[in-house]
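In what comes next, chain A is part of two complexes: it sits with chain B in the first one and with chain C in the second one.
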Partner chain A sequence: MKQFSSLHPVMLFLYFCAVLGVTMFCLNPAVQLVSLGGALLLNAIVDGQTKLRRRLLPLVMIPLGGVINPIFSHHGQTVLFFLNNNPVTLQSFYYGLTMGGTVCAALFWLKSFSQLMSSDKLLCVFGRVSPKLALMLSLILRFVPLLGRRSRDSREALQAMGLFREDNFFLKLRSRVRVFFAVAASALENGIITADSMEARGYSVGRRTAYSTFRFSWADGVFAFVCAAALGAALAVLRAMRVDFYPTVTLNGDRSALAVGLAAFALLCLLPGALQGVGGLLRGRRLRRSLAYRGEVGSL
Partner chain B sequence: MSFLKAENLSFTYPDGTRALHEVDFEIDEGDFVTVFGRTGSGKTTLLQQFKPQILPNGTTSGTLTLNGKNIVDLTEREALGTVGFVFQNPEEQIVTDKVWRELAFAPESAGLPQGEIRRRVSEIAGYFGIEDWFEKKTDELSGGQKQLLNLASVMVMNPAVLVLDEPTAWLDPIAAADFIAMLKKLNRETALTVILEEHRLEELIPVSDKLLVTENGTVKFFGETREVCRRCENEAVAFLPAAARLFHALGGAGECPLSVREGRRFIRSFAPQAAAEEKPRPSHDAPALAWKNVRFRYGAKTPDVLCGMDLTVYENELFCLLGGNGSGKSTALKAAAGLLLPYEGSVRVFGKPIQKYKNGSLYRNCLAYLPQNVQVLFSHDTVREELDEVGAYPNDLPVDWSGLLDKHPYDISGGEQQLTALAKVLAARPRLLLLDEPTKGLDAPAKQTLGGILLQLKQTGMTIVCVTHDAEFAASYADRCALFFRGEAVGADTPRAFFAENRFYTTAANRICRGHLNGVITVEQAAESCRQNGGGGA
Partner chain C sequence: MKQRLWRILLPAVLLPLTVVLGAVLLREKYYALVILAVLLLTVLFFYSGFERKKVTSRRLVVVAVMTALAALGRVVLTPLPGVTPITALAALTALSLGGEAGFMVGSLAALLSDFYAGQGVWTPFQMFAWGLTGLFAGLLAGRLKQSRVLLALYGVLAGIFYSFLMDLWSVLWLNGTFSLKLYAAALVTSAPFTLTYAVTNTVLLLLLSKPFCKKLDRIKIKYGL
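Up next, the complex of A and B:
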């Protein structure tokens, strides 16, 4: 069994798109709750470093939504009280909580996304769409640290000539502009060398391919199949799962459709956490066994 | 039919200047050819003829054929698999952010399928020993690794001819030797034809099959290495390895030695010389620059780069601090220039702690610093504007500025850039000049010019501290030298004593003469000693 994080980048990317899509377009507290649960589970397994309090910070979005929405939205049947002659309604409060839950769940998913998708994985995904786009991103990733280094070199050189001074605002501004021009000149002039180098390595030969070190495996296929099935089931009843908040909180479809949709969506949301956790445990056990085996052989 | 053949090859720029003039040569498959000549003699233009994709604007006449087929007639795809080109600057020719992606760039351009790219990239990474840093960012590599990566990224397309434009000019001696060893391995094991242009030829000439010397856009000499070395004259001699220069200085009769080993055999016919009486050490004046127990590190958890460095440079001295790349000698220089604040110890300039210089007074009539990459000093369109910006006194330097002033600072040669930058920092009329690798990328005549200028500046009373990995330069011009190793300056002494005591970190002339002519560290001294002691002939 493969861990979630070692699945093919394209799988990861599509998975995050699907989960975020359903979470954001299906307003139903139960859906948000399931999504949040899955995101928290994955987060707990993947992110071991951040402090718990800091990690749970996005949860604040839920009560915040509950407080803010009624102030601006006055729809709904059940009036709780009046604020500045405006009605504050129960439905508006529920809507705010649910929206807060959506934002909060999305934040947790995106956090995991940024932790699991390295620049290599992202470029692999973009390379599938357009090799040129992937190359351009790679060029930029190469260029940024280079420019940073050069601007530091330039600042030091100017400083030692007494031309970079930060005594007052105008000197500071002038010094910064000077460094900017020196760096811009070197970037443009030396860019010609990079262009020549690309040309010499066949940049304009014709259609590019995008190479990546990632490969599809059977685990990706199984994962894709399970996800597609769960997503398909959830999408089929998506309209029925929606909840209308105004004037009263009502479910769009019947309860059985909601149950089916929720079950499918729960499977989708809990899959990464489960894969990552169980996969990690199994891998650890196999690794220990393998190391112990070598120890036993060594002691014979 | 010969492998590579140039006939009446000429190249003219749009403004009418002729960079190449009716060049003829023939190169066999598997030849290792080294090209050299003065800056502006047309070497780079000659190399670019092999790769029409990177030719500047201009017109080519005559033909350059590969296996009978004109190189300009190759399609881009054919050219990619036929001729590989490696440039001088290790940094700028890297295209992508990761090592493995850089290796895949050329095969991706050719549109090869995934499996084929995987096989080629794996194979080349294995052959070049890149496995350990395969996943690294290109920005984190050392200069030597970068250039090796550039070579590998070109070799991944398996070209029949490899053309290199001063590939080791920016590398320190150890990285340069590694690079040349890799080239020779490729040449020997795969019969790759190598055509290489370089200034630093000490290690390169002994492994070359043929030499091509350019002069004013023509081929001055072309032929077997030993033969060309023997026939070289005047300026061209300055490019040769120490052994060959010694041979020429002593009249140039018989077989020309190329390597240190052959040089040692060559001087055996001259009478030996005992160690010269060490001249009394010059009495020292007041200290101009002193590092006192200086400690510095770049990050809280990284190791110290300067580990309690102690060194004093006296007034009116030309001091060379030698050491490999990454040993921290540039950091030591930056600390002396007040660009870094040591967390322990102090730096004193003319007896006064550096922090006591307030309001930029350190950089007025006191201290000047020239960084390793002088291009960061340039931000104007002409050399004249660069110099006027700071009110420089270019005529103080014995340089002919007439042809330079109206040129773009990026269009002039490396040596001229160095001089322009030097004139710029001298505008502040410093008494202490700090130079970081001033000989990087310079050819032999340009180094001589720079050395002459430094000696002249010293005569005006200036103190000069020079960080370099160029042992030959330090031996010829320094008053004292020290080796920078593990964050400390070790063994400060006169060049004669310093290099004569070193066995490995020393000049080629010293390695040739050790044990026979003692206390000799430059070719000039060796020649002088041989002439005085007599002997020679066969």
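Up next, the complex of A and C:
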């Protein structure tokens, strides 16, 4: 069994697009809650380092939405009180909470997306669509650390010559700018050498393709199938699942459609957390067993 | 010629079509979805044009270096909120290498530096906004190269443009629909940022334009880009 993070990058990318799409464009507090639950589960398993309080910061968006929306939107039937002669309504409060929930859930999903989709995975996704763009991206991804190293070298050289001074703000700025120019000039010149070497190895000969080490496995196929089924079921009743907030909070379709859609969406949302958690446990157990077998761990 | 016609026709038809379909099919006012789709299409059209064109390796690498400098600059300057060199570097690239190169620098620098600053639904918006500031600089290159006053003015306008566009996105994302009052409130709350963008752009453009144009033009002449 594969962990969620080791699935094929294209699958990961499509998965996040699908979940974000449904979360952002199907306004219904239940949908947002389910999405938030799935995102939090995945986040709890994937993101072990960040402090809990910092990790839960996006939750602020929910009450924030609840406060901001009634100030600016005065639709809705149930008037709670008047603020500056403008009605503050219960419905716009609910709408604000739901929108806050959408943003909050999206932020959690995007956090996991950032952590799971490293630049090599994104390169694999882009490489399929546009090999030249992938080449460009990989060039830049190499240049960023290289330029960082160059600027350290150049700074040390300038320091040795007594030209890099940090006595006051102005000198500091001037020294930094000097380093920046030196690095930029040398990088542009060296870039030409890189380009010539690319040309010599046949850059412009034939059609470009992108190479990636990721392989599509049966686990990806199964994952794709389950997700497509769940997403299809959710999309089929998406319109019925929506909630209208004004003038009163009403469900667009009937309750049975909502139940079906929610069940399908819950499966979609909880899948990554479950896969990551169970896959991680199995992997841990396998590793421990092989260590115990080799006698490297005494008692387990 | 035929391919060229397609490249103009396809966006000219598809983009309005997206807007109209979005307005008709989605009865609820999901502006955010429509705008996101339009932005993604625009960026995609740009990249597909780049993919098809014969780009010499030298030009490709020079654009990559400028992008890396811009992305690195944004990452290094994160302690100062609102201060980024992406607009300035995209515009300067556009001044000597043309608008398309400027668009690539702005949009790719946004994409890559967001690996550090956090990827999100805002990434396409940033790619679009910074890409466009590069593209426009390329279109106005003749004027901007001659007058430093105009260059400074461009920096200010680019900062305001970026800030206003990102606020538009914040309103759409937080509210679901567009609300003029909320937009005005967002513009007021982000005014310090708008100011920072404008000042940073202007200072960097004035500071960097001469040396960078010299470097880029020198390379252009020396190696024949």
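Throughout what follows, the second predicted complex is superposed on the first by the 258 of 300 C-alpha atoms of A that agree within 3 Å, B and C clash if a C-alpha of one lies under 4 Å from a C-alpha of the other, contacts with A are read in each partner's own complex, and residues count from 1 in each chain.
Convention: a contact is a pair of C-beta atoms (placed from the backbone, for glycine too) under 8 Å apart; a residue touches a chain by one contact, two chains touch by 3 or more.
Given the structure is predicted, the values throughout are model-derived calculations rather than measurements.
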item	value
Touching partner for A:181 - first (chain B), second (chain C), both, neither	both
Touching partner for A:199 - first (chain B), second (chain C), both, neither	both
First (chain B), second (chain C), both or neither touched by A:47	neither
Partner chain in contact with A:132 - chain B first, chain C second, else both or neither	second
First, second, both or neither for A:68, with chain B first and chain C second	second
Touched partner set for A:153, first chain B, second chain C, both or neither	first
Contacts of A:209 with chain B and chain C, given as first, second, both or neither	first
Residues of chain A at both interfaces, chain B in one complex, chain C in the other	119, 131, 135, 139, 141, 146, 181, 183-185, 189, 191, 194, 196, 198-199, 203-204
Chain A residues within the chain B interface of the complex	119-120, 123, 131, 135, 138-139, 141-142, 145-146, 149-150, 153-154, 156-163, 165, 167, 178, 181-186, 189-191, 193-194, 196-213
Chain A-facing residues of chain B, complex	51, 53-54, 76-77, 79-80, 84-85, 87, 89, 91-98, 100-101, 104-114, 117-118, 121, 137-139, 150, 153-154, 157, 334, 337-339, 359-360, 363-364, 367-371, 373, 375-379, 390, 410, 424-425, 427-428
Residue ranges of chain C touching chain A (in the complex, touch as defined)	28, 30, 32-33, 47-48, 50-51, 54-58, 60-65, 67-69, 71-73, 75, 104, 108, 111-112, 115, 118-121, 173-176, 179, 181-182, 185, 207, 211-212, 215-216, 219, 223
Chain C partner contacts - residues on chain A that touch it in the complex	20, 24-25, 27, 65, 68-69, 72-73, 95, 99-100, 102-103, 106-107, 110-111, 113-114, 117, 119, 130-133, 135-137, 139-141, 143-144, 146-148, 177, 180-181, 183-185, 187-189, 191-192, 194-196, 198-199, 203-204, 242
